[in-house]
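Same chain, two partners: chain A is paired with chain B first, then with chain C.
Coming up: the complex of A and B.
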């Protein structure tokens, strides 16, 4: 079955079996190894990608479901300003994110910051529940989200002034 | 790079086909017509030894005839496409002959007992017969598989010089090298091992990666092409080692004041079909069975039992998590039955400096137990909350009509025994090599696999030699040019590794202005001969060092949904000199998260921030702390849930099904 979709800004087409998981396609056919299917049951979140701007578990997504969709992996997201703001926030809070967990942290945090200017405790708790990485329960992780929100707001304000 | 991220052209993928029965013999293997690109290997195709060794235990690489557990690898399929191999594996039929009885932990036969340990001190029988009261409890620790996220696997590359390059997600590279060399029948120098990145150092990465590496190298041996085996999460559950189920029965004799005067502890450990590290696990479990409590009349008997379950990993704490869970839950129950606060009871019954240990040794350092309990009680407000929740529980007429949140709080005190028991670290000594080159640049080389400890070591070396830590290079997991070492477990990186960094750097500091550069120093860690432990009769002080922690867990429970939410975790730690505070806090936070997961059935229990503090330590040496949450959190959690529910829970994990059963009994 031939399936075409948009991957990290490129239009791509692949011949594959329809039920193959997107996580496997991304890793094996496109070498995008920043997507880590840790559990294959939608629990760990390490395989998160953006589909049409929404974070989803790529290990649960069959190939036929991505037809003509826009997929952004962590490799495509990392160079963006949004990703760098979040990373800087965590860095300033003293929370170093291993490469393995980037997709499970950056995508949900980005979704949160797109809808909320000042995330409250409940919002942060939602993110933490999503991320199955031990140190995400730490104070530094929580502070990282808050600092990232400040960077995001500062940029938004600058954009409005211009 | 993580093991699953490596890819090479012309690579072959290996798929393991395991047995579908727990015990029996292979009668016949029916292979359908093989596609040209897929090949199958059996135990007959292993050129060297068909078994590999983990400490004293031999484990077959592929089953030859006899099957000893469900999922035991029988065939190794390989081909250029992993999916094709997996699909083909499903078509293979293996016929067995099986008329064996399933061997379990609950009702073991005499032939199942792989090892025994008995510690008898004082006169427990007489004291029990004259005691005022006896309290009994049976505590069960069911293994709960917690995925750390990163895959298990191995990759083997043939090199132009006819040697093999192995990339493995291992914490014990020397074991991988030995296993590959022995099973292929080639010299060890022809195998070099590189450790891939590891997300979280898990016990699953101790000896099991050696098994996978040996299987992958078997493919390379027969094809001279790169070969990779990656276990899917399902494979990992089938073939991967699990944790041991442990059943501990406690009987405690009390005097009129409620003080413990004698202990009788019976320990049964599921060693699986091949009890790797089983003897060490049994010995540690027995040696620590009384934890930090005084025992003048003690009978501890432990058995390691072979069953038809997969081989076992030792698990965090290597026996201490299980044994101290049972003990702390039992003593909290005793305190409650004696109408005392757990804090008060524990303080009265703790060991003091100079007390005799159940293993006959003397306690040479004063355990910082009282300070830790006082600190953790103060920050968590334990005494007030415990008394008030106890009152609420007693006044509650029936759970059926309760609509308010049920509340509970639990406290535990525990220690982590660092290093292998007694002098066993000497069987797997660790060497560190430090080199200061002509430009003043320092490099450290060690066979230990170092990830998070690296920054701490660099800071330590930097402070001794007064150089910038960021300029120091660290080569970890080395298997060439440096003597082999044991695995990077039981906080050996911190206790042994840090001590070697210190010794090497001190030696360089003394010589660097006297002798010409470059300077090269090599130091090997050995347990001193005069250590107070006698292996022969199992007496003395068993642990290299002990780190301590007092933990409080507070929970809220929904009376209708029976959903437990952890409201807070407080932990006060005494672990000697802390090399890197951020790293230490992160390690403990991660440990608390995983320990809570292992206690509850849910994948994730939402809880407020854990609060971690370090007690002032008079000691200048570094001690491990990574296992402390796994040892201290479970009993505190279970005691808290028991108080909230008003029922004694005596096993972990506390599953919703278990909770419903208890509630129905109420």
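Coming up: the complex of A and C.
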């Protein structure tokens, strides 16, 4: 089956078995190895990508469901200023994110910061509850989200002033 | 042996869907697909020969409301339902939907999918069952609304060529709502209780427990015995209700561990304690 979709800003087309999981297509056909299908159950979150701007688990998405959709992987998201703000927030909090957890942390945190200016305890707790990376239970991780929110708000305010 | 891959139908509107469904009643209806792929651990999941993909059909992705009810398209994602708002959705339903999983999963999973899984009862099922939810089934040239209970009891689930298109949730003024999800796995339980109180009297009360698999524990006898009781419930009322529930569990769920049975009784007991006048 021929499937066309937008991948990290490019229009791509692939001839593949329709049942194949998106996570495998991204890694094996496009070399986007920042997407890690860790569990194939939608539990670990390491295969998270954005589909039309919303985070989804690419291990639970067959190829036929991607037709004409816009997919952003962690490789496509990292150069954006949204990603850089979040990374800087974690860095300032002293919480260094290893490469394999980037997709499972950056996408949910970005979704949160898009809807909330000041994340409360409950919002942060929800991110932590579903994050399968040990240090996400640390204070530095919580602090990282709060600092990232400050960077995001600062940029939004600057944008409004202009 | 090389496996033949599935044939995918992608209808663009409800008319096309019903036409395809008519000629392919055996096809798998695929919306979010989270349960289907989660349940299928192969690298390339083995799916049925014919699949109808539902997510390109606008009619199935609509949410509308009237003064009396909320109508949700079968292919609306759980996250979108949550965005309808905490103030509008019944509290117990909000908690049940929120507890399904992380936001990324909720962006994919749909309410129709949650109700159509047959092997086990998913999180929203118990809550919707208590809320007297109705399901719209459509096929070419006809449509019917049936209560959720009947939809689940139907054997086969859906008649040839029928598709679940909408879910109607009535706005009933439950002033007491509880939803609990107690660990996943073998001894996991979900619990929902809804009640209405008028002054010092219990005017409506309903509850259900869900356990792994297709088990649903309800006791209409206990529910009706508590109706019209003065609040707070007397010790005698509570003991009778607990005894009634114990008998129901012993009668229909003998295979449950004593831990799980005790847990059911203790959760129910705490609900009875919480039922106090407004």
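By definition in this document, the second predicted complex is superposed on the first by the 162 of 162 C-alpha atoms of A that agree within 3 Å, B and C clash if a C-alpha of one lies under 4 Å from a C-alpha of the other, contacts with A are read in each partner's own complex, and residues count from 1 in each chain.
FYI, a residue touches a chain if its C-beta (ideal position, glycine included) is under 8 Å from a C-beta of that chain, and two chains touch if they have at least 3 such contacts.
Just so we're clear, the structure is a prediction, and the values are computed from it rather than from any experiment.
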Original post:
Mind checking chain B and chain C on superposed chain A, clash or fit?
Top reply: clash
**OP:** Go through the superposed model and pick first if A:40 touches only chain B, second if only chain C, both, or neither.
**Re:** both
Original post:
In the superposed arrangement, which partner chain does A:118 touch: chain B (first), chain C (second), both, or neither?
Top reply: neither
**OP:** Mind working out whether A:134 is in touch with chain B, chain C, both or neither, as first, second, both or neither?
**Re:** first
**OP:** Look at A:142 in the shared chain and tell me whether it touches chain B only, chain C only, both, or neither; answer first, second, both or neither.
**Re:** first
**OP:** Among 492-500, 564-572, 582-590 or 654-662, indicate the stretch of chain B whose C-alpha atoms run into chain C.
**Re:** 654-662
**OP:** Enumerate the residues of chain A that count as touching chain B in its complex and touching chain C in the other.
**Re:** 40-41, 129
Original post:
Which residues of chain A touch chain C in their complex?
Top reply: 1, 17-21, 24, 40-42, 45, 48, 51, 54-57, 59-62, 64-65, 67, 107-108, 111, 126, 129-130
Subject >> Interfacial residue positions of chain B with respect to chain A in the complex >> reply: 1-2, 4-5, 7, 147, 149-151, 197, 199-200, 232-234, 582, 585-586, 589-594, 603-604, 606-607, 609-610
Original post:
Touching chain A in the complex: which residues of chain C?
Top reply: 5-6, 8, 10, 30, 33-34, 37-38, 41, 43-47, 51, 53, 55, 79, 101-105, 107-108
**OP:** Enumerate the contact residues on chain A facing chain B in the complex.
**Re:** 27, 31, 33, 36, 38-41, 43-44, 46, 94, 98-101, 125, 128-129, 132-140, 142
